[in-house]
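Here you go, one structure.
Think of it as A, B and C in the order they're written, each chain with its own count starting at 1.
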Amino acid sequence: MSGFSTQELLAIFAMQGFAGVSFFSVLLLMALGLAIIYGQMRVINMAHGEFMVIGAYATYLCSITLGALPGMTDYYLFFAIPIAFGSAFLVGYVVEIALIRHLYHRPLDTLLATWGLALIMQQGFRSAFGAREVSVLVPDWLRGSYRPTMMIDIPLNGIAILVLTLLVTLGVWWFLYRSRWGLRVRCTTANRDMSGAVGINTKRVDRVTFALGCGIAGIAGAAFTTISSTGPTSGSLYIVDTFLVVVFGGAGSLVGTIASAFSIAQAQSLMEFFLGSSMAKVLTLLTVIGILLLRPEGLVASKVRR
Amino acid sequence: MNRLFSFFQDRHAGLGSILLLAIVLMVVMPLVFDIYRLNLAGRYLTYAFVALGLVLCWGYGGILSLGQGIFFGIGGYAMAMFLKIEASDPESTSIQTTPGIPDFMDWNRITELPWFWVPFNSLTFTIIAVLVLPAAFAFLIGFAMFKRRVSGVYFAIITQALAVVLTILIIGQQGYTGGINGITDLRTLMGWDIRDDSARYLLYYLNAVLLIGCLLIGRWVLNCKYGRILTALRDKEERVRFSGYDVANFKVFIFCLAAFISGIGGAMFTLQVGFMSPSFIGIVPSIEFVIFAAVGGRLSLVGGVYGALLVSFAKTMFAEAYPQLWQFLIGAVFILVVLVLPYGLASIYGRFGHRMRTPFERWLGDRKARSSASSGGFQEPLQEKRP
Amino acid sequence: MSSNTNFLLSIENLTVSFDGFKAIEGLNLYMDESELRVIIGPNGAGKTTLLDMICGKTRASEGSIKFRGKELTRMREHRIVWEGVGRKFQTPSIYEELSVFDNLEASYPRGRSVFGALAFKRDEEVLLRINEVAKEIQLETRLDESAGLLSHGQKQWLEIGMLLIQDPELLMLDEPVAGMSVSEREETAHLLRKIAKGRSVIVIEHDMEFVASLGGKVTVLHQGKILAEGDMQTLKQDQRVIDVYLGH
């Protein structure tokens, strides 16, 4: 780092930091869904990335239909996000009924079955939308950037995604810890048999939780479209990172998931500037694995008496 | 005929089923296939090494690794490095800026053979590397993880991440590794042309013999007390630990054995196909190896071999004719095997074979089993484990 | 320190906390050789946690556990077993996919290292010992059956057998008769009295009749501490014990 002055370094850190924010947002949204699903029913959803892609394609469809209407280009995203959520939620709901519910408590088997599902979904996207990547119309108000000083340039879409992510995270927190449904979810996570005994329909809780996790991935897809173009295999690029975020954060901990998504995204984004993207990725992954070996329970974990 | 069946289908891999496989590999397939198809079969059989390793460590040990491509790749790259150095003698590379080094290094303006390439001048070193490096690498990973009690899903995810890391490294360090294209244009082994028909036949047979050898090693490991401890470990790890066993060591061993076997497969792949590339290391191939073992039967040693052959041939045929359909099909196979046939084709064969036996033979078989006090007998688990 | 050497097991000032909650707090417990000790106490008293700590499953926050003068708190689990401590889990913990014979052989105290297990030979000595133990747990006719097919009570006995084959000096049993029929309970009590000869045994139990039928010293645990110690008759009169445990 000798070639840079302190001021330049600060600017680089600030800019790379904000560049990492978009990555952080998508990663966190993906990880939230995955963490909820894994925490609740120990299902490893390898097709989670494909649910993100569903959201992304839904957003794309909105952009070419709604967005093409006069005067709607600036606002279609507000419709696209709930639609992205809804479509991923719906597919998730169906997948739970058709596949996932047969595999509870066989985590390694869910991993294989959902990988098969991911292959099918990828081919489905390819058949429906073609192998070429598509991109959405980014509304004008997301295109500019905010420049607090001469050297720092923060793209607006990054800020918008961050706001969206924070809202969704808040929503998830409210849902899990403040709503009646969340109480049922937490009950089922803590003790499935007991929850069933006190009258919670655990199967329904599972179904909704799984679908909700997928729906959040759909929102991640909507956010994803504003930073990158979407292809049939876009989701699979995120799946390894997302898993590491969940595991690194300590499965089942909201704070841990946020902290780990943030640190992984920022570490990668900062190192990218100095080492190039592939070495940054290698170093980030190795560091995370290394820390996981020292602390297999993840960043945030409570000691449970068994 | 009935006698034959009971001979072939006893336990996870009776000698009979291995013998039958040996006949299929060494007599039937060379008779039926032309040299092109036989070479293709030989290539698929190198995947069978990895599948066999997975049957041992995933089926019996309960350790699912989604990074077996790492070990296949290490074995394959070690062999490829040797062959590449041989292919890059100063004469045939005289048009390069620096003759005598592999072409991709020259393209990347490297002027000297990197230090870690130098030992691969020696065939002896290369063979030792093929046999030792994958297991040594597996030892490092396994020791670090199993001593820390990382297992199950976490282990699967971390090994997958490691496969990603290795792929990115190889692709990123183009000058040293050949990058995304891999190491290509491998022609001779100590001056012997590995691409002509006689060489292909010989390599095919060498491959088959090595595979049968690995099967026998696997069978022996499963049949001794170690094998029973391994099965016990998958079922009740705590009980094994509190019966006085260092559980981590038992896991490290089977993981290393699986890596060792996979590495041999990788080296044989390079020899028969003539190149090695990162596309046999990453997430997709690693998970394909798992599907081979799952389709064949995760508790059947020979099952992994049949699984690798069947799925790969199906892939070649379908992917040529209907590339779109193949993805749907293989996806459906994943789901169906897990949902309907968790113990793979071997379990169908087992049930079918059992029905073919006469009552007398069943009685005979039962008596034999009793007298040998069920040495490592294995049935499908009675019920799904629900914690 | 000098007192330690006279006991087989001496636990001093043992404490463990889970996120601030102390499951065991400042516990002292001493056991003689060939002693049969029953531990009772209400749910959450720390009984199972205590066994977990002796066998190394849970690590102590403070204090010491000495077995024949050797400190166990830092020893690795399998080493503790090698020292001669055997532990039966609360729910029957056997290898359901293996035969009864294999279950017993898998616990045979030879071939405990990886290479030892690879080189292990099933010789006459092993067969004799397995048959001997199988007789003791009344499973000698079912050696070839898959262990998953045994009844609940037989599974419990099999697990006891798996410990017996290692001939431990200290055997710890966590609720060995839970879920057993009356006749099975009697037989288990008989079995326990028999195996208690020549070794020390710790039994956790809820069933008072069963505790009385075993005889031996009883320790009452309450909220991670020892509430009282003595024989069953004395404890039945103890007001504190009645209040927290026997009363209801």
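Here, a contact is a pair of C-beta atoms (placed from the backbone, for glycine too) under 8 Å apart; a residue touches a chain by one contact, two chains touch by 3 or more.
Please read all numbers here as calculations on a predicted model, not as lab measurements.
Chain closest to the overall centre, judged by the mean of its C-alpha atoms against the mean of all protein C-alpha atoms: B. Centroid distances built from C-alpha atoms place C farthest away from subunit B. Distance between chain centres (mean CA atoms), subunit B to subunit C: 43 Å.
Subunit A and subunit C have CA centres that are 47 Å apart. The distance from the centre of subunit A to the centre of subunit B, each centre being the mean of the chain's C-alpha atoms, comes to 34 Å. Contact residues on subunit B toward subunit C in their complex (touch as defined above): 221, 224-226, 228-229, 231-232, 235-236, 238-247, 249-250, 252-253, 369-370, 373-379, 381-383. Taken together, the subunit B residues at the contact with subunit A in this complex read 64, 66, 144-145, 148-150, 152-154, 156-158, 160-162, 164-165, 168-169, 171-172, 283, 287, 290-291, 294, 324, 327-328, 330-335, 337-339, 342, 384-387. Only residues 55, 57, 76-78, 81-82, 86-87, 89, 93-99, 101-103, 105-107, 109, 111-114, 117-120, 122, 127, 143-144, 146, 148-149, 159, 162, 166 of subunit C touch subunit B when the two sit together in their complex. Every residue of subunit A that touches subunit B in the complex is listed here, in rising order: 42, 44, 99, 102-103, 105-109, 111-113, 115-120, 122-123, 126-127, 236, 240, 243-244, 247, 276, 278-279, 281-282, 285-286, 288-289, 292-294, 296.
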